[in-house]
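Shared chain: subunit A. Partners: subunit B in the first complex, subunit C in the second.
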Partner chain A sequence: MARMKFLCDSERCVECNACVTACKNEHEVPWGINRRRVVTLNDGQKGERSISMACMHCEDAPCMAVCPVDCFYKTDDGVVLHSKDLCIGCGYCFYACPFGAPQYPQVGNFGSRGKMDKCTFCAGGPEADNTKEEYAKYGSNRLAEGKLPLCAEMCSTKALLAGDGDVIADIYKERVARRGYGSGAWGWATAYKTGSSA
Partner chain B sequence: MLIKKSSGTPTRGRLSGLLAGSTLATMDRRGFLKASGLAAGGLAAFGALKPAMVRQAEAAPSTSPNIVKRRNICTHCSVGCTVTAEVENEVWVGQEPTWESPINLGTHCAKGAAIRELTHGDRRLKYPMKLVAGKWTRISWDQAINEIGDKLLEIRGKSGPESVYWLGSAKFSNEGGYLFRKFAAFWGTNNIDHQARICHSTTVAGVANTWGYGAMTNSYNDIHNSRAIMIMGGNPAEAHPVSMQHVLRGKEQNKAPLIVVDPRFTRTAAHATEYVRIRPGTDIPFMWGLLWHIFENGWEDKEYIRQRVYGMDEIRAEVKKWNPQEVERVVGVPGEQMKRVAELMAKNRPSTLIWCMGVTQHSMGTANVRALSVFQLALGNIGVEGGGANIFRGHCNVQGCTDLGLDVTTLPAYYGLTEGAWRHWSRVWDVDYAWMQSRFESKKMMETKGIPSTRWFDAVLVDKKDLEQNDNVKAMFFWGHGGNTVPRMPEMRTGMEKVELMVVVDPHPTTAAALPDRKDGTYLLPACTQLETRGSRTASNRSLQWGDQIVKPVFESKADHWILYKLAKKLGFEKEMFKNIKIDEGDEPNVEDILREINRGTISIGYSGQSPERLKEHMKHQADFDIVSLRATKGPLKGEFYGLPWPCWGTPEMKHPGTHVLYNTHLPVKDGGGAFRARFGVERNGVSLLADGSYPMDSEIKDGHPEFTYGLLKKMGWDKELTDAERATIERIGGNNPDGVGWAIDLSCGIIRVTMAHGVQAMGNAKARAVAFGLPDPVPVHREPIYTPRRDLVEKYPAMADRRDYRLPHLGKSIQDKDFSKDFPMILTTGRLVEYEGGGEETRSNKWLAELQQSMFVEINPADASRLGIKDGQDVWVHGPENKAKARVKALVTQRVGQGVVFMPFHFSGFWQGVDQRAKYPPGADPIVLGESANGVTSYGYDPVTHMHENKATLCRVEAA
Partner chain C sequence: MTRRTEDKGLARRDFLKAAGIGVAAAAAAGAAAVGPAAASENRDQRKRARYRETDHVKKFYASNRL
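So, the complex of A and B:
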């Protein structure tokens, strides 16, 4: 069974934001909600690096631990999803999340009642796969179609990797070996409790 | 706790599919992932896994019966990414990665990943409109064509055909662009231009004058072969993000140094192994400074220079002046770093040199380009894999539209405007030369260069006696062209207000609709995007890619070729113009027929072999092409290069594979090899201009030779190999002098066929010119920008004296003589952002992109900001040195720019000198994000060869607002 993970190779990320618009395109995410965003460190200075960030679908997800209504659940693939029907929009998960993933929209499908929205690893939600109801609340379900998250599939420089954690770790390791140095897979230690040297 | 069900029968993922109620049983996702061994498909293309593995993603069970997949090419930059659309009931409902494309391997940038929005965009111009007493009014297409046509004929009668300016677009397909060029010819003017003027006209002029053709010599993919990579005046991380996957792969796999030379620490520079900060406008001293170290140390490729380069000794003499001290004084780069960079480029060959608008958009742009070209010649890097002058073009079809002559100086395929050129194209068009001439004011005007797009408004505003044409420009067409793309916007705005007729043909209203205070006489015609029609476009690497229509034109928009046909009909020359082009149902000229006509005429640059049938085959078999060599390694196209990059010699039947790397002597001509073009004669002052002992592989002539004519063919005794039909065609073209018929006007392509059979390149085999006699500075010399803060350098490095060209006065020295640096002490430079493109109207109207960049800004160094009392994020005024120009923008305080330099992106418009212009757009068609235009502040300055504007080095003053 694959354990799905994200990995952003900051040596490759050029902050082109394809991941951000691919996400918007795939799920029709409304203005103001950013399931994914690109964060730039040391902007404009030597050592500038960018990282594409979204829900990392943590091993031991803090959001799940703090949710007062227990709306989160984890799929067999290790994807952390939640039920917008149960969510009360309290915002605890936002405080708990080390990656700033939870979003609280003001308008539209995604939160007229202040429901939390976040990256689903393109895996939808609790409703039946690829139903109108699932799409309206969570966006499309690519995993159910045998596809991977579009953000990673479309990443301009193949910086953002998504898929089986072992496979993407191997790809990244090979890149590091080829380069002769590695700046670490940012966020991996936090999300997956493994070595950051992946 | 909820547990997501782990099995089921997933259906299509799109809302519309769900609404339609269609379901289709598919394999379970986990089952699929397991079965395909592709748990990580999305990322496998790079890194360890071979692309072949990625292609298994095709196995994804994803289609509902109503979904069809269609392919087109991204309409943004010149990389040429394939877009795969999922269409249901003629609505574009989803976008999927195209793993098979050897160019983008599935990927996109922010713009490409958001491109589906263009065919939904509710900010599009929806129907034809006209301005009536200052109000936008909806009209029908018939009324629009009729009224515009009547007005054009009135102006033609009153002022002559030269008084209509046809500003076209790099967003046209090849077919649309070619038709637009042909249309201007049939109307009777050379006042026709497009965006190449403002992005790479100086590149085209510079490199074509050096070695033959005005194009990128290698390809994005070929950078995988580079041992060192230098990017100068380019920021591909933002302008061509998908190209960066090839650049970074070259960097990682070959441990290639990545050197970025730019006044600004760009997002590309963030990935460099060596960043060099130069002062804007000092490109030539920088290049000569590098060559100084190369010549001093003997690192140049002496044998290559002896065989293939003319005039390097004169370059040496100029380079000698640029010792490390002088370079540091002028450019600001210390000698130690200069030496390091020179050594990296010289000792890690093949090394490639990439440049963009930081080099080209200067009042000495052509000379800049020439200096960069000479640098690559000195290192023997041209004509080799991994080397090259990898010029990243801008728009999606700017290469194609340049090739097809949307240019004031030439007919399609660089034939120029001479009588010979007009006779050639009259033959292709099957019209009488005398009739063609009758469309023009005179034979003289027919052969006179037009007015460059950078200066169209000067042709409206200058005194008639200063203008070398019958009358001022009275009607202006903006056909797929922003209104904020050239400097001196205050004057341009006046020009816009003064013309009698202004027609905007575009998917969006554009700045041109909203900027001027006009009350009447403006028409907006909704053109569709290339995603809504079919046709070919030429990527930067000269590959032609065919795009299928994804959806029908939205709202009342129409394809460019439809509009041109309607207009030609109204103006009364559609019978001549469409003589050999079938008109399909709905008055639509047949796109394939247009390409066939292009094939017949563009022999000189080898656009002749890429028939619609061949191009469609290439799209179908994308997966068979190698991602480094771009050659098909299997399948029916085995041996051909992807997209038949031009030159693809001769007729489609000759099956030339296209040319991946230009001037590559390591391959036979018939297999994509070549040599420098012999287009400047055979000798000069007793020195041969032909190659010396260098020739394409398998050539029977083992030395340089001039270009082939029928006469030369006879001398070689090869004329007997012509077929009777070929000989008849040549003799018909030649009339009294068949021996004088050159290869490029031989419509039979027989001369090409026969020479190629002997391994010989019909266009000759010459040396590249380090010294380009005929150009204003045959040896490039440094000239300070005309607006410079370095008054201490003006005397030694003066601007060019005032002169005349392109029907207009052209100022240089007289402006530079005045010191503006006291009142305007900061250098202003401009550039791109990843979210937007060009004038930005289309991308600022795309909600997914607009959200990412909502404000116009100016970057300013923290030291300057603190001196001026400016805080990050606050509003500032940027004042320009001419016409009391000013713009109110947000300050972005950052070390990205050096002290004394500020940077503004050029994609914004819709604010004018602090005032919001939103109400002036037609309701509902205003872009989401508006902002001040950088060109509202930029100033005079034009390249002497092409009249490229100076957009990278002028002066300004920044004040807190």
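So, the complex of A and C:
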């Protein structure tokens, strides 16, 4: 079965932030929350690299391991989702996540942050697919519509890849072979401990 | 010390009782108007794979091989 993964080809990312904007617009993400961010390393120096980051939907997700109310679940295609009805806003998942993916709508202490929000791989949540209720809590469910995450689909330089992990790893390998160099699939060794051959 | 022998209008406790019944009735009417909450998926349904390799997805993969 296909396993969903994200891969950012940092040789191609030009830090345009279109993925961030598209995500916010597609899901009507609340103020103060960015499900996706572009991180630039060595900004302005030789070897500068930009990486588009969001929830990587880890194989052995630390957020799932630490959640005290067990609000996370993983789909058969490897997408890590959560129930906002169960979330108590404790913030444990934020501290556990190696990518800083979980976000909260309010600034506050335990329980006053509001319900956690994160990238859903455009796969909605526990409500019935493509309903108003699902959209209000989690945003659109493009996977159920036979599409892929919008951030990757609209990337103009084709830096951000999303979809079947084997296919996108193959695409990335082809690029590296053609170019003769590559920075590696950033985050894959952390997120996908097995099968992170790209 | 005088004893209160007659109350005019609703007594305080009667008022609170009447207000409580009114609020409950309004809430019930509101719930009936909204209808049942959107069906949540059961455990198996929510874990079901959504990904399908549609023509749309194949086009995306093809465009990334350029």
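For this structure, a couple of remarks:
Here is the rule we go by: the second predicted complex is superposed on the first by the 187 of 198 C-alpha atoms of A that agree within 3 Å, B and C clash if a C-alpha of one lies under 4 Å from a C-alpha of the other, contacts with A are read in each partner's own complex, and residues count from 1 in each chain.
Assume a residue touches a chain if its C-beta (ideal position, glycine included) is under 8 Å from a C-beta of that chain, and two chains touch if they have at least 3 such contacts.
Note that this is a predicted model, so its numbers are computed, not measured.
By the touch criterion defined above, A:T157 lies against subunit B but remains apart from subunit C after alignment on the C-alpha atoms of chain A. Counting the residues of subunit A that each partner touches, subunit B and subunit C differ, and the larger count belongs to B. Once the two complexes are laid over each other on the shared chain, residue contacts for A:I171 go to subunit B and to subunit C alike. Of the two partner chains, both subunit B and subunit C are touched by A:Y73. Comparing the two interfaces of subunit A, the one with subunit B and the one with subunit C have residues 1-2, 73, 75-77, 79, 81, 123, 126, 128-129, 131-132, 141, 143-144, 146-148, 152-153, 158, 161, 163-164, 167-168, 171, 174 in common. Within the complex, the subunit B residues that touch subunit A are 1-6, 8-15, 18-19, 26-30, 32-34, 36, 39-49, 57, 59-62, 94-97, 106-114, 116-117, 237-238, 241-242, 244-245, 248, 252-253, 255, 265, 267-268, 270-271, 275, 834-835, 847-849, 851-852, 859, 894-896.
Chain contact summary for the complex, subunit A toward subunit C: residues 1-2, 4, 73-77, 79, 81, 123, 126-129, 131-134, 141, 143-144, 146-148, 152-153, 158, 161, 163-164, 167-168, 171, 174.
Within the complex, the subunit A residues that touch subunit B are 1-2, 11-12, 14-22, 24-26, 28, 31-32, 43-46, 48-50, 70, 72-73, 75-77, 79, 81, 83, 123, 126, 128-132, 135-136, 140-150, 152-158, 160-164, 167-168, 170-172, 174-175, 178-180. Per the touch definition, subunit C reaches subunit A in the complex via residues 37-41, 46-54, 56-57, 60-61, 63-66.
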